[in-house]
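Each of the next two complexes has chain A plus one other chain: chain B in the first, chain C in the second.
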Partner chain A sequence: MKIDITHATKEIGGSILLDDVTLTLQSGRIYGLQGPNGSGKTMLLRLIAGLIRPSSGSVAIDGKKLGADMDFPPSVGLLIENPAFLPNNTGLKNLELLASLKGTTDSGQIRRTLSRTGLDPDDPRKVRKYSLGMKQRLGVAAAIMEQPDLILLDEPTNALDDKGIACICDILRQERERGALIVLACHDAEILYPLSDEVIKVCDGRVERGQMK
Partner chain B sequence: MNLTKLIRHDLQCGLFRLRCLLVPPLAALPCLLCLRITDSAGCKSSWAGYMMYCFMGIEPISVQDTMEKAQFPILWLILIIGCLYLHLDYPLNDLSLTGQQIIVRSGNRRNWYLAKCVWNLCACGLYFLMVSLTASLFTVLTGGDLSLNCDAAALKVLYLGETGGKTLPPLTALLLSLILPYLTVSAISLLQMTLCLIMKPIFCFLIGIILLLLSVYWDSPLILGNGAMGIRSSLLISGGVAPGPAAEECCLIIILCMAIGSWMFKRSDILGARD
Partner chain C sequence: MMLRCLKTELRKAFQNKMFFCSLLVGSLISITDVAQNAVLVRRMTRILENSSEISKSAEGFSLFVRWIAVNGVTLGSNLFYFVWPILAAIPYGWSWAEERKSGLYAQIVSRVGRRTYFFSKYWAVFISGGAAVSVPVLANLLINALVCPYCVPTVLMAATPITNGYFLSELYYSAPWIFGLLWCGVDFLWGGVAACMCLPAGTRFRHQVMVLLVPFVSLILLDAVCSMAMSIGSLDHLELSPLRLALAAPASANPGWLLFSLLGIFFSVTFLGGYWEVVKHELN
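Take a look at the complex of A and B:
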């Protein structure tokens, strides 16, 4: 998979949220987005996910333009903002419900994904009883369970303890080995730099390519 | 992902919500008033009588009428506004919960929006079903006739003599008490959902209320709310709103809202609650 963002600008209500962004992203790599709060990291993830349309410029995935040739990337898992689930269902039930919509993932795969993220697939608790960290793990599980080609994660280590952070980092490395293209927004440089193949700095909606392994 | 899966998901997650429990008390208000009127007149209302009273509205207010003479149809308004209020926020709430996960998996914005339109029509149907069940409960408890028959005496009492002693065939009663109000409310509800794409839900809700208030004071068939007022039908009063064109108008608005809404949604930004 190759993502080409060409001179993409996003303006909402007179505010420029993304300013002339041009990037090329390739499969099998982890791209880290670093920047202060409100710099445009989440908007850039939304743009790649097809959730927002650029005011000018374009986003193309394998040569096909988002918004013109397709509404969303064909194979994408995402965790943007806070993980949100149906509060009265268990974690497993939530993921089964999501997976049933696409029908490409069986129950065994969902259970394995939950175990990978450190959650018990047989946990009888409803999601409303989950701690923030558990919801975060469930959010990551939802993003990766269908083994998507593109994984977009916004602060996936929020509310996680050290063990949880290490677990998520391991998962992301494994997903990269599988060939997924991962874009990760994280404010913590200690997590972002060792994990990323390339760090993209975002400031006031503008991007600047940074450290590359 | 096909449309039916999205519709099934919306019906599973968005149809039976806790706030549906508000419907029976809302519907009980006009039913209680209907019961009091028929009781004092010494007759019993059938199921159709209760339903027609719920969606009766008021007779057209002419220019000569003073405001003191015309009664404001507060219960009719509450019942219709209740339906609009209950269905105001689900699509937007869904987008800030699992909706984003679902829409990117569906790969198709138009299908997601059309599924929400179908949900809206079904949710309005459920609302009317619950009103019907409440009316059924009143009918059974008061020993009335659980049927579409609406005798002349009850009609005369309930409609304050405006019907000129007519009796109503069952199909006409069904049309005036259920089908036309359902179509009208569904059309306004879908219009509200479409407007939510360009403005805040509270303003869309206010537009719906303004439309209903306009219909109270202006009996033009072009103003949507008139179709949901049984007493203004040409089947009951001369020069009233013809049911055929009123139903066609509602269907046209429903189709237009689905088409325009899905076109707009395809081009709109999906932002989070934080944005």
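Take a look at the complex of A and C:
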């Protein structure tokens, strides 16, 4: 998979949230987005996910333009902003409902994904009883359970303890080995730099390519 | 993909507490109506015990005169046909606003696309809203059948409010059970379109309660406008208010062409408005 963002600008209500962004992203790599709050990291993730369309410029995935040739990337897993689930269902039931939309993931795969993120697939508790960290793990599980080619994660380590952070980092490395393209927004440089193959700095809606491994 | 998404949406619509809450409230109102009928039937039976005209007098409190969709006088009937837009919206009308706010929308559309999401959401909201209105009406008919004496209504009965020009009026006097079942279907359609009014409103209001009140408030305002229109024009013989058109026997006639034209308009407005808000309009 190859993502080409060409001179993409996003303007909402007179404010420029993304300013002339040009990037090329390749599969099998982890790209880290770093920048202060409100710099445009989440907006850039939403742009790549197809949730918003650029005011000018384009986003193309393997040569096909988002918004023109297709609405969304063909295989994407995302965790953008807060992990969102049906609060009165268990974690397993939530993932089963999401997986049933595409019908490409069986129950065994969902259970294995939950175990990988450190959650018990047989936990009878409803999601509303989960701690913030558990919800975050479930959000990551939802993003990776269908083994997507593109994984977009916004602050996936929020509310996680050290063990949780190590677990998520291991999962992301395994997904990279599988060949997935991962874009990760994280304000914590200590997590972002060791994990990323390339760090992209975002400031006032503009991007600057940074450290490359 | 569409069928799978619709199945998932229907499962979410029918397996949530709000759907059962709405059914419970609707059924309680419906049972209030039955209780009032039971008291009336008991009182009338005592009065008429020694009368030689029992069969004729019994028509006035027979099943198809006392049914909640026809009588329009009991507390249950008045209350149900006033709050039905809220009952329709409660089961799943809130879901689009809630999913947009929580971010679940992004999880779903990234898997199925915006159009599939909208079509599935629309039909799930429609079906759940329709069920929430039509099930208590049907239940009322069936439970009333245990309480009220049954007789085929006759045109000469003073108590029947359905007259010439009303939708399916001939059927009411010839096959009332079929009329009753078909009217439950009409109420299903009204419940469906009322619930779907929440979809275009879902992007405009932040609070779910506001979204749930949109069908009710809109229909109340429309009712006021229709009342004024009926009083000044030559339309006083037609019932124009959608709020009252859910009743099988409103004060003025409800011919089929009017009923289905209004249902068509409501369907088109909610569908196109919802499509614009969910599919075309960008959510930032």
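Throughout what follows, the second predicted complex is superposed on the first by the 213 of 213 C-alpha atoms of A that agree within 3 Å, B and C clash if a C-alpha of one lies under 4 Å from a C-alpha of the other, contacts with A are read in each partner's own complex, and residues count from 1 in each chain.
Simple rule for what comes next: contacts are C-beta pairs under 8 Å (C-beta built on N, C-alpha and C of every residue); 3 or more make two chains touch, one makes a residue touch a chain.
Please read all numbers here as calculations on a predicted model, not as lab measurements.
Asker: Given the superposition on chain A, are chain B and chain C in a clash or a fit?
Answerer: Chain B and chain C clash in the superposed model.
Asker: In the overlaid three-chain picture, which partner chain does A:Pro74 touch, first (chain B) or second (chain C), both, or neither?
Answerer: First partner only.
Asker: Scan A:Lys102 for contacts with chain B and chain C and give back first, second, both or neither.
Answerer: Both chain B and chain C are touched by A:Lys102.
Asker: State whether A:Leu51 touches chain B only (first), chain C only (second), both chains, or neither.
Answerer: After superposition on chain A, A:Leu51 lies in contact with both partners, chain B and chain C.
Asker: Which parts of chain A are touched by chain B and by chain C alike?
Answerer: 12, 49-53, 71-73, 76, 78, 80-81, 84-86, 97-98, 100-103, 142
Asker: For a test of understanding, state which residues of chain A touch chain C in their complex under the given definition.
Answerer: It comes out as residues 12, 49-53, 71-73, 76, 78, 80-86, 88, 97-98, 100-103, 142.
Asker: List the residues on chain A that touch chain B in their complex, please.
Answerer: Going by the criterion above, the answer is residues 12, 42, 46, 49-53, 67, 70-74, 76, 78, 80-81, 84-86, 94, 97-98, 100-103, 142, 146.
Asker: Under the definition above, what is the set of chain B residues touching chain A in their complex?
Answerer: Its residues touching chain A are 1, 5-6, 9, 13, 96-98, 100-110, 266-267, 269-274.
Asker: Going by the contact rule set out above, which residues of chain C touch chain A in the complex?
Answerer: On the chain C side, the touching residues are 1, 4-5, 7-8, 11-12, 16-17, 99, 102-104, 106-115, 282-284.
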